[in-house]
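Take a look at the structure set out below.
Order as written gives the chain letters A, B, C, D, E and F; numbering starts at 1 within each chain.
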Amino acid sequence: MQNIISNRDWADVLIQALPYIRKYTGKTVVVKYGGNAMLNDELKQAVMEDLVLMTLVGIRTVLVHGGGPEINAALDRIGKEAKFIDGLRYTDEQTMEVVQEVLAGKLNKEIVSVLQRAGGKAVGLCGIDGGMLRARRLIRNNIDLGYVGEVTSVDSSVIRHLLSEQYIPVISTIAVGEGDDIHAYNINADTAAAQIAIDLGAEKFIQITNVPGILRNMDDPESLIPVLSRPEIQPLQRDGVISGGMIPKVECCVLALEGGVRRTHIIDGRVAHSLLIEVFSDKALGTMIL
Amino acid sequence: MQNIISNRDWADVLIQALPYIRKYTGKTVVVKYGGNAMLNDELKQAVMEDLVLMTLVGIRTVLVHGGGPEINAALDRIGKEAKFIDGLRYTDEQTMEVVQEVLAGKLNKEIVSVLQRAGGKAVGLCGIDGGMLRARRLIRNNIDLGYVGEVTSVDSSVIRHLLSEQYIPVISTIAVGEGDDIHAYNINADTAAAQIAIDLGAEKFIQITNVPGILRNMDDPESLIPVLSRPEIQPLQRDGVISGGMIPKVECCVLALEGGVRRTHIIDGRVAHSLLIEVFSDKALGTMIL
Amino acid sequence: MQNIISNRDWADVLIQALPYIRKYTGKTVVVKYGGNAMLNDELKQAVMEDLVLMTLVGIRTVLVHGGGPEINAALDRIGKEAKFIDGLRYTDEQTMEVVQEVLAGKLNKEIVSVLQRAGGKAVGLCGIDGGMLRARRLIRNNIDLGYVGEVTSVDSSVIRHLLSEQYIPVISTIAVGEGDDIHAYNINADTAAAQIAIDLGAEKFIQITNVPGILRNMDDPESLIPVLSRPEIQPLQRDGVISGGMIPKVECCVLALEGGVRRTHIIDGRVAHSLLIEVFSDKALGTMIL
Amino acid sequence: MQNIISNRDWADVLIQALPYIRKYTGKTVVVKYGGNAMLNDELKQAVMEDLVLMTLVGIRTVLVHGGGPEINAALDRIGKEAKFIDGLRYTDEQTMEVVQEVLAGKLNKEIVSVLQRAGGKAVGLCGIDGGMLRARRLIRNNIDLGYVGEVTSVDSSVIRHLLSEQYIPVISTIAVGEGDDIHAYNINADTAAAQIAIDLGAEKFIQITNVPGILRNMDDPESLIPVLSRPEIQPLQRDGVISGGMIPKVECCVLALEGGVRRTHIIDGRVAHSLLIEVFSDKALGTMIL
Amino acid sequence: MQNIISNRDWADVLIQALPYIRKYTGKTVVVKYGGNAMLNDELKQAVMEDLVLMTLVGIRTVLVHGGGPEINAALDRIGKEAKFIDGLRYTDEQTMEVVQEVLAGKLNKEIVSVLQRAGGKAVGLCGIDGGMLRARRLIRNNIDLGYVGEVTSVDSSVIRHLLSEQYIPVISTIAVGEGDDIHAYNINADTAAAQIAIDLGAEKFIQITNVPGILRNMDDPESLIPVLSRPEIQPLQRDGVISGGMIPKVECCVLALEGGVRRTHIIDGRVAHSLLIEVFSDKALGTMIL
Amino acid sequence: MQNIISNRDWADVLIQALPYIRKYTGKTVVVKYGGNAMLNDELKQAVMEDLVLMTLVGIRTVLVHGGGPEINAALDRIGKEAKFIDGLRYTDEQTMEVVQEVLAGKLNKEIVSVLQRAGGKAVGLCGIDGGMLRARRLIRNNIDLGYVGEVTSVDSSVIRHLLSEQYIPVISTIAVGEGDDIHAYNINADTAAAQIAIDLGAEKFIQITNVPGILRNMDDPESLIPVLSRPEIQPLQRDGVISGGMIPKVECCVLALEGGVRRTHIIDGRVAHSLLIEVFSDKALGTMIL
């Protein structure tokens, strides 16, 4: 059903949105999307539409995706148990092969297809392409996690070339080893997204999550903290306001900011078109960290 | 007071407006504005804001203005009676001097100032500049109207150069004679605007008026004809639906369309931001003729 | 009657002039012309021809004009007495309106017409256009002069764009207020011309006057000082050689020189084509200050 | 061990090769490589080195790969039997998923890694990316083959962009449906390679096989036919000289030639560096069809 | 001694010359100079100055020179008699060597030196350079003239490149044989100059001679024919007005005109700076054929 | 007879040569060739072919030539004895004329012809052209050598322009005097070549000689020193390993290296295609000094 909007509202939205459109035209925005936030098909469709609309008005948009649930399902299909150590997936040779096939072969190309049906031009890549992400084996607390890598260098040239031709690059976070090591490594998608945003000199880094942003009081959705500056983070973490799964998300924002990204956002993927509204208005649909 | 707009409305406006923004980015829109529609200061301010916003997202915007009421006031001040023959101002030497001074010296520069305060970059010109409008004495029904001219050639090069540098050209419709005749001529602003739109290869030609558009029944604002194709005009004129002051407005639209302009509009300047809504939505705030 | 010139003279003129032509091709020359020097129609015609010829060989030529006598006549017509305080015109609201109409509406466009008939491409602007001249109210000796302004910033971008397209920009020296003050201000044309020359990085700033230049002995036309360097000015002023109306002219030259203009000239507008000869020869038809 | 080559041989190779290098610099060469020819690791390494060297001297090189044996192995791992109808793989939903994962997720990225270790810049894509290959379900003899597609349109824009930036595009031949059908389809790699070569306006289309080229007498390696023109094909096919697996290879060459590709080659992948020698000499290491 | 020129004359020369300067800026002028006209050192100096001044204002100037008297002197020095058949120099192997050495080695470089001292940038070439002039042995009336050639193709690319970099190309008219024949041939300078003018698409082709132009009555210098159109030539030739050495000069003009050169001139090299006056005025210092 | 080269050799040469081709594409190589090394016609032909092939793959190649033996022959022909002082040719006025005619008029153009027949585009210049080489009279040990000059400035602009258009500039080492001195001077070709290489920022400077390079033991061709660094030179000179005619050759290399040329070579012109092999392999056919 057609939504009836008054002339006044039309004009007001445009008057507020046009300066944002101008502001971000030609700028780069890196969006991290994945995991549970990506499971609802209707919301996923809305995110893809938003990305296409952003591109339409000249924003250089990059999508970095994860795919944990899908990988688990695939491992399950071949009867292999997913194994986690300290929250990181233990990745043996066979698991790595599955990770690569599911992320770079299946999910990545599915997203490309959806973006294209929504009217965009998209190209799917992983960190191996163009030597974009180089990594070495991640050793944490002396525990061997297999082919889990930490990024040692980022070269986003191929992303830049595609952005210049108005493509939406869609990136799976698999890296290639350094030097002669051409083994593939599994990379945490949030971190990789932040590192790519840095290398691109992005204006914005947006994580689409399945939470409303940072709440001062977890039980009160009205207690959303719309804007947070870096010095405010540590006290909030100490007070337990920033805790659990929110900690690594905030850390990725800080990483991006320190690398020169101008603004970072943790937004609520459960609100339809939250991405579009975030970019083109001053409405708070999550927390901005700067 | 801040107007509260729901997320859904925000998203809907943007989703509908962004494709229009993309469609008109880089395209040329010629707006004719003047006479009584220009007298209300608040509405005038809204029109200027709309022009600036259009420029902001890359639309090449040209404003052609008239100024009948102001000219009458100026003639009045020097104790000279305005004289009209068949609806055209009789323009003797002294009147012409006043017309030129008021249009090109006073109104034109005032509009430039307002556009600039609204954040735009504007440059005021008249048809003499760059030899933009050349004219000869208009002879109608063998009656001498003095320095009233009809345009014999249009050269919009200087407008194009300014558009390429993101200026909003503001044009007073005074022309210079042909060849060695360097006398100035007073030109009907609606016609001149249509001719400039043709020479620029404009995408749209918009006349801002003080009527709601073409009404099938003049007493019923609900009877607006939102879209009209050229073959439908003559029957409507025969039936008296198009009559009076609307006839020359429609004729200017037809002139523009025959010269290659893609879409022409007669919109209601009494609705705030009707220009913005017209360009960036499919809402009907007047009549489109194509 | 055709002037017969010998082959030897032809060759000599060309041999001397061609290096000057080369030297100034692509360079910017700002010419101030106005007041009494502009009243003789034949000499005015010669100046316009000179400007067109300069443009023809690639000199970027800007004309800044005044119009005191015409303004007086216009004020006279509406029965308003011109009022001067310390040599500056007292400018109330109504006077300012007349100034703007006469300068930007009438004289400016007349000059454009004459330049175009002489084969040039000209565009008339005032300091309001493109925000070229911003001003604040001039307070001198605690006396209120009304809308007389002093320039606070110059932005000659629009002049540059027009020069790049081979137009001759013709400038009326009316400024717009700063920030939200969109009132128009009357600006001294000599000073504004010097300031525009500075902002353009002009090679030359030429004032066309109705005197032969600086004479060592006012009664002896043979006593012309052809070249003057800045340190020589003060002694000459002390000795009364530079006096009266020549003082502000020389001050404008010094202003331009200090702002980086390479050469400044006060030339005799009563000698036909003195502008052309000045630019393309080493003949002294006035005083060069450097 | 270092191979000792005489000065005369050095000079002779260079004198013969340099004109070929010049001839193909800036030209596009599409190489199809896959199946059994790709199984020997040492030869595969040599092919990758050749591709990198070709790129080094400015040849725009595209690699299209297949992967039949790997797909069979993957299906085998999940206990699914590969099923062929008339030589075409029957591709149900699950098989298609495996095909996509193995080709686009695993093999494609492995090849990219090897090319990069050999000093090249490579990017792996499949036909879904940038809407490169669109397909519809292939119906042959009324038999349903599942998600086996035939290409309905090729858009190689993204390949062109990457070639312009000196990347080696590596293509898996998976296509996306037309219009709203975003299902993936399995495409015959030889045919897709020929179609891409046509769309790119390639100079050469080279199929690397595991046969010595077309032999007049299958048992006599000396009976190689080095050059074949199109009219000669049908008689040879009638006489059984072109038969079996060679028929579709020759058909792909004819398809490419009819689409405007200048030269097509069937070369022997079992001779190390046959690709390099083919491009940079007039030695016959297979059959050229033109 | 300084020549005193009145202001009026200065202005008149400039007013007349500037449009010519503009007209020829960026255009190509080919000047043929040589033989007896080149013997007077002072006049030669004036020609070189004129060429430099023409270049100064952006005219693309090419000088083609001959050198008959110098060749005779050189042959004389080695005790070899100059031998002419039908006005063409019989050129055996040894003579050809002398011709090449004197023209391309000695005279060409001397002219380059003089042009450079006059402030120009010059480069000396002969028809062998860049394969500019290809020739075959000229056979006339079955008489063998040795290495006298007729031009079979002109490739003025190298001249164009040098003109684009503001050099004055100075050309000796020696050609190289066609195909494998790399012998040098002696070419008539007038004809070669016309052919080069054609290949360059020159605006003007000027022959500097030691006659006043075409005189209707050879004994009356006042009887100069300033302008001649092609149809007028044949009658004048029949009447003996065009005769002797003037015939081949006129034929070269016709050749150039038929090849697309706009204007051709035969001017008097004995009048100082006749070249400069010819190009930058409408004075007649010779005959223009068009 | 066709030289039969095995596939392995073909591939090996290409694999080794292609990186060199890439390395030197777009780089400048200055080759000095002349004197006795140039006398064998077959070897000369091979050198010219090598230069053309180098140009073919984008190397910017400059040939500087000498011509001592030819000059002696020419002097002989006019009965003038060649006279040397300290190894330098005593050059009186007449000798200088002969030098210029033979080098710039005869040899230079012959080389241009041969290069063009070999498929190249060549242009012959001497140091006078474009003011490339300026010189003053060389005074050594107070002995007057006549018109022997030492270079005081190099301006290789004209060479650069020709290289940009893919020409092979061929340079005779005659210079013009400084300032008003337009006399021609005879310049040592080796030194001039080094100086031109410096001004061009050449990557390589190669002297083609008639010796195998620097031998540790003059009688043992196996004792070639393939690579020499600057500090090793003095000891070798002290030990007599570098002696006689090799000393000035090595000095020219050092001059070039100190001026910024990356690598310098003294190679054996008696081995066919030694130039090609030197540039495109790591084979030692002479001595590299760096």
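We adopt the following convention: a contact is a pair of C-beta atoms (placed from the backbone, for glycine too) under 8 Å apart; a residue touches a chain by one contact, two chains touch by 3 or more.
Small disclaimer: the values here were computed from a predicted structure and weren't measured.
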item: Co-neighbours of chain F and chain B - touch as defined; value: none
item: Steps in the shortest chain-to-chain touch route ending at chain D and beginning at chain B; value: 2
item: Residue-number overlap at the chain B/chain C interface, same or different (half cut); value: same
item: Distance-maximising chain from chain F - centres being C-alpha averages; value: B
item: Counterpart interface for A-D, drawn from B-C, A-B or C-E and sharing over half of its contact pairs; value: B-C
item: Chain C and chain D, separation of their C-alpha mean positions in angstrom; value: 73
item: Euclidean distance of C-alpha centroids - chain E vs chain F, Å; value: 35
item: Where chain A and chain F are represented by their mean Cα positions, the distance between them in whole Å; value: 61
item: Set of chain E residues in contact with two or more other chains; value: none
item: Contact graph of the chains (line, ring, star, complete, other); value: ring
item: Ring path (origin chain E; first step to chain F); value: E, F, D, A, B, C
item: Contact set on chain A toward chain B in their complex; value: 3, 5, 7-15, 17-19, 21-22, 25, 49, 53, 56-58, 271-274, 276-277, 280-281, 283, 285
item: Residues of chain E touching chain F in the complex; value: 77-78, 97, 100-106, 108-109, 112-114, 116-117, 121-126, 128-131, 157-158, 161-162, 165, 167, 174, 176, 180, 182, 184
